[in-house]
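In the two complexes that follow, chain A is the common piece, with chain B as its partner first and chain C second.
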Partner chain A sequence: MITSGILYLSNWFSLANGINYKCLVIGSSLNLAIRWHAVASWTWDAHDETCGICRMAFDGCCPDCKLPGDDCPLIWGVCNHAFHLHCILKWVNSQTSQAHCPMCRREWQFKGSE
Partner chain B sequence: MQESTSSFCNLGVLDALTDDSIQEILESYNGFCVTTQTLLGGAGDLSAGTEFVAHVHSLCKHGLESLVRDHFLRVLEEAFERNGASKFWRHFDAYSNFADLKRNDDVDINEDEIQQVLCNALEEISLEKQYQEKCLLILVHALQSYKDQMSGERHNFQAERDYLVSKYQLLVSSVLMATLPRHFPVILHWYFKTRLEELSTIMGEDFDDDASLNKDDMDLDEKGKVFNKVGEMDVDEYYSHSRFSENSRLVKNIGKVVLDLRSLGFTSMAEDAYASAIFLLLKAKVHNLAGDDFRSSVLQSIKSWIQAVPLQFLHALLVYLGNSVSYESTSSGLKSPLAPQSSVCCPGIDTPSEGLIRWKLRLEYFAYETLQDLRIAKLFEIIVDYPESSPAIKDLKLCLEYTGQHSKLVESFISALRYRLLTAGASTNDILHQYVSTIKALRTIDPAGVFLEAVGEPIRDYLRGRKDTIKCIVTMLTDGTSGSSSASGNPGDSLLEELNRDEEIRENDGVDDDFNTDDRQAWINASCWQPDPVEADSLKGSRNRRKVDILGMIVGIIGSKDQLVNEYRTMLAEKLLNKSDYDIDAEIRTVELLKIHFGESSLQKCEIMLNDLIDSKRTNSNIKATIKPPSQTSADTGDNAISMDLISATILSSNFWPPIQDEPLNLPGPVDQLLCDYAKRFSEIKTPRKLQWKKSLGTVKLELQFEDRAMQFTVAPVHASIIMQFQDQMSWTSKDLAAAIGVPVDVLNRRINFWISKGIIAESHGADSDHVYTLMENMVDPGKNGGSNGSPQELLGGDEEEERSVASVEDQLRKEMTVYEKFILGMLTNFGSMALDRIHNTLKMFCISDPAYDKSLQQLQSFLSGLVSEEKLEHRDGMYFLKK
Partner chain C sequence: MTSSSASARKALSKIACNRLQKELVEWQVNPPAGFKHKVTDNLQRWVIEVTGAPGTLYANETYQLQVDFPEHYPMEAPQVIFLHPAPMHPHIYSNGHICLDILYDSWSPAMTVSSICISILSMLSSSTVKQRPEDNDRYVKNCRNGRSPKETRWWFHDDKV
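Right after this comes the complex of A and B.
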């Protein structure tokens, strides 16, 4: 089996996800197969860490939400200030006239996607 | 009475005496003395009776009746001392060494001989006594006939007779009592003990026959009826059926001894002797039936045995004693008039029955108490054996309801706990399991938990001083696979699961209220028992109709549910981070159960953690399905290309996880590349979110392939990175290898031990004291090192402290508390020593900002015990000192 370029993995690997993995690392002295389960954390790609309205961490969620991430997204204004979507919507809706960014007082406009 | 007044009070009579009459008196008196001596001399000669009567008459004529009585009684007393008492005691001289024996000592005693000696002695003294009573009656007749002559009418014979006879009886008793040797009560005890044992063997056979049901030729219905009544109060009826003809000889024998003893004035001594023999027998029977078997109830068989043996005996005895009285009073004119004492003290028709009921109560109380003491002494073992031992617990409960001696249980059990369980040698797990078993077992006895509170306190106190308590509690609550799971549930159940199931069962049974009728009664009884304020403070006790809340009592060890939930979160994080699949069904279930008990909000973070895994699974398949084929990456890495298929990831919302311990690590090139691609794809899909890899965390499944076989491992990334370096290079120095994977040399040297221990890498010493690691092409000892195809080897989880990926709650706490360390040390420098409470209160008072002190007493205690183990502080007699 050393001569062949490809090793067929034993059942243990094949069964792991119900898929046949034929991929393998072939070295000069050691043949091995791997399945790598990694760990990462996600974070919002924002300059600040906390929402200027609710003072909660962006990577957490707004006071009205239970789950962070997709369920409680961030939104940027044209002024480049970010807030929890739910927070800024509440803010905007509470303003009688034109809303301003709570951080820089500039007129609030949602930043268009690209 | 007239004569006597004149003779005593009117001394003038003396002056009136003529010489003749003096002469007559002297002669009569002489004759009276001689005949008295003849009668009572011991020869048994009654022939002098007529002469005696004549002298008595003559003396009475001269008003010397009292002289007659007194003299006769004095001679009688001397005669009894000589012919009765001293002879009687002489029989027992051979046993004088008995006096120093203990009641239940086993000595080599010829039982038949004692029995014989006692019977002979009693017979002899009874004969002597009967003879003396006859003589006494001759005197009575003489006095009587004189009176009859004088007044010409019959006087009441009874009064005179009763007077003299009772005088005589008193004389007999006092002579015997005055000369009683110490060993006599012991001999009596032995006698009754032996006879009762004999009887119990015979009756015990009947009892066993009864118990094993219908074997003999008795009518079935009849037998059933009899058997049913055993448990009731109809003892008389039961025994009227019973066939004790075989034993009646024995009972009569014993009865005769009792009667004889009574007539000698030993009534209470006799009763004491057979009572103590009965109790001794009962005690032995209880010990014998109960033994160390806690898995069956013995109370009913003890009660049945009491009915079948001692009560049957007592019934027969009481009947015999009663019967013999009536028999003698009708048939013998010379019978001892003192025998019917029983009917004198308990008049009425049903006396034996009443007496028997009293006996029944006495015996049962004694049996309950004996069994209770026996069970209390073994309560520790019983609880270890719980729930298999629940029959013994039920017995104990009934006994305590009867005796009300709950405080005995509390004291004894607490000292057993201190001695057996709360010691350095016992593992925290064992202590916790015993604690839970104790709660489960004792709530049967004490549904209100009144003295459970008292019993639990020392365990809780002790556990609070152990560092791993919280962790063990959480494991016990949430982890069903930890082996020593609770016995009453399914083997794989966590305690939480079990508690939940119990609750559901209770609800399904429609018990709207926490007590069924039995429990209610038990509670009422238990509440009759007045606990000391120490055992259960009045506030807790007054919470009427509360139920024992196992979970509450467990949380009570820690102090707050928040700490418990926090510890669980840390353990959950550890568990989730080590998963290589996304299978979290068990964890979801556990969090659901915890939510029921601790409230939804306190588990919100745990829910987010679980949700992260669910999301990760979805995101993972989404990323892999949409990622572009790794065209350029395969060019970069050449032969070592691996497929994205082999990568999976858990993506955390790190704000909701406990602090995660990530260490720098260089991953193998291909893997690193794939993770980059993965992260890139993530930010494409989830923009504007991005991924940050925690490279030292995760789980790698490896298969190493050798010519003849393959070995599988589940390892941490650092181990995988190490071994993958050997793909291109057979041999590494530790310095180079450490640099290649980006960890300090000492970390490498520690981590690589895993592969060395598996026989895959060999270690040798190279130049400059550097280690050289070489891949083994031929396994040294494959058999020993295992790693066959079937069972992948795991190196994950918390068995090695450095393998932890989540900071322990303790570490987190230590970090938060370090701010106060200086303050605490400063206080102790000023005050010398301080108790926990005082340190706590002072911190609360002075540390009001930056950051405000918000820790619980338990947290402070745990922090301080950390400082003690770091040898910064000392802890003695409840006080903390600076370590000198």
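Right after this comes the complex of A and C.
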């Protein structure tokens, strides 16, 4: 049982998938066995706050998804513009010729795929 | 003139509906200068009043734009036309069709109704003559069966006006 607890929020830390995580740590120093509960929160490491295609928040998901996070990931182009993966795929697949970045009109290429 | 093709259009997809609702809210908070959205309960067709910018050929003149959204907006551009009477402009045909690349080949899903409106007003403002395009009669005759301007193969030859 936690008799007196300390509660603090960790710094943001990034994982390889581009998501930043933050942990809420509740701990007690009075107990012999320190017990802690971690509640993770996260945000995408994107410069804009909303997807330029669907205009939904990056911390949320595209209109076709129910849960944000790994089920509705963000993806970057070589031009460094980010979109929901599902949104940019809809755009790229709707183009008969080479698709362009919706933001800067450069040829769209997924970052890391060149 | 294009009402029949527009009413036969498929209902908006979820992403289209969602985005248009957001655009409408954004418009109400921050409408582009010179434009007034005529409120209806139809999200798929917006009628927008545009007033010519002061100091331009179209100052104090008011025109109406009709914007029809396709099922897969914003992956596909909306159809934008002037309702009768369309302004006299070298890139605007008398049937209301507008020769403007962003409405066709150069559309991007990052554009919005608001950014389209600003482009159209800028096109009006930079005009130096009030006249119809050279091929107006031929083009309008070709569109008599209510063809959408999105079916036209546009040839963009002038980026100055």
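One rule holds in what follows: the second predicted complex is superposed on the first by the 76 of 114 C-alpha atoms of A that agree within 3 Å, B and C clash if a C-alpha of one lies under 4 Å from a C-alpha of the other, contacts with A are read in each partner's own complex, and residues count from 1 in each chain.
By definition in this document, a contact is a pair of C-beta atoms (placed from the backbone, for glycine too) under 8 Å apart; a residue touches a chain by one contact, two chains touch by 3 or more.
None of the values given here were measured: they were computed from a predicted structure.
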First (chain B), second (chain C), both or neither touched by A:Ala57: first
Touching partner for A:Leu74 - first (chain B), second (chain C), both, neither: first
Contacts of A:Thr96 with chain B and chain C, given as first, second, both or neither: neither
Touched partner set for A:Lys66, first chain B, second chain C, both or neither: first
Contact residues of chain A, present in both the chain B and the chain C interface: none
Sites on chain A touched by chain C in the complex: 52-56, 62-64, 87, 90-91, 94, 100, 102-103, 105
List of chain B residues in touch with chain A within their complex: 577, 579-581, 604, 607-608, 611, 615, 639-643, 645-657, 660, 670-671, 674-675, 678-679, 682-683, 686-695, 697-705, 707, 710, 712, 717, 720, 723-724, 726-730, 775, 777, 789, 792, 805
Contacting residues of chain A [partner chain B, same complex]: 1-2, 7, 9-10, 12-13, 16-17, 19, 21, 23-46, 57, 59-60, 66-70, 74, 76
Chain A partner contacts - residues on chain C that touch it in the complex: 14-15, 18-19, 22-23, 72, 74-76, 108-110
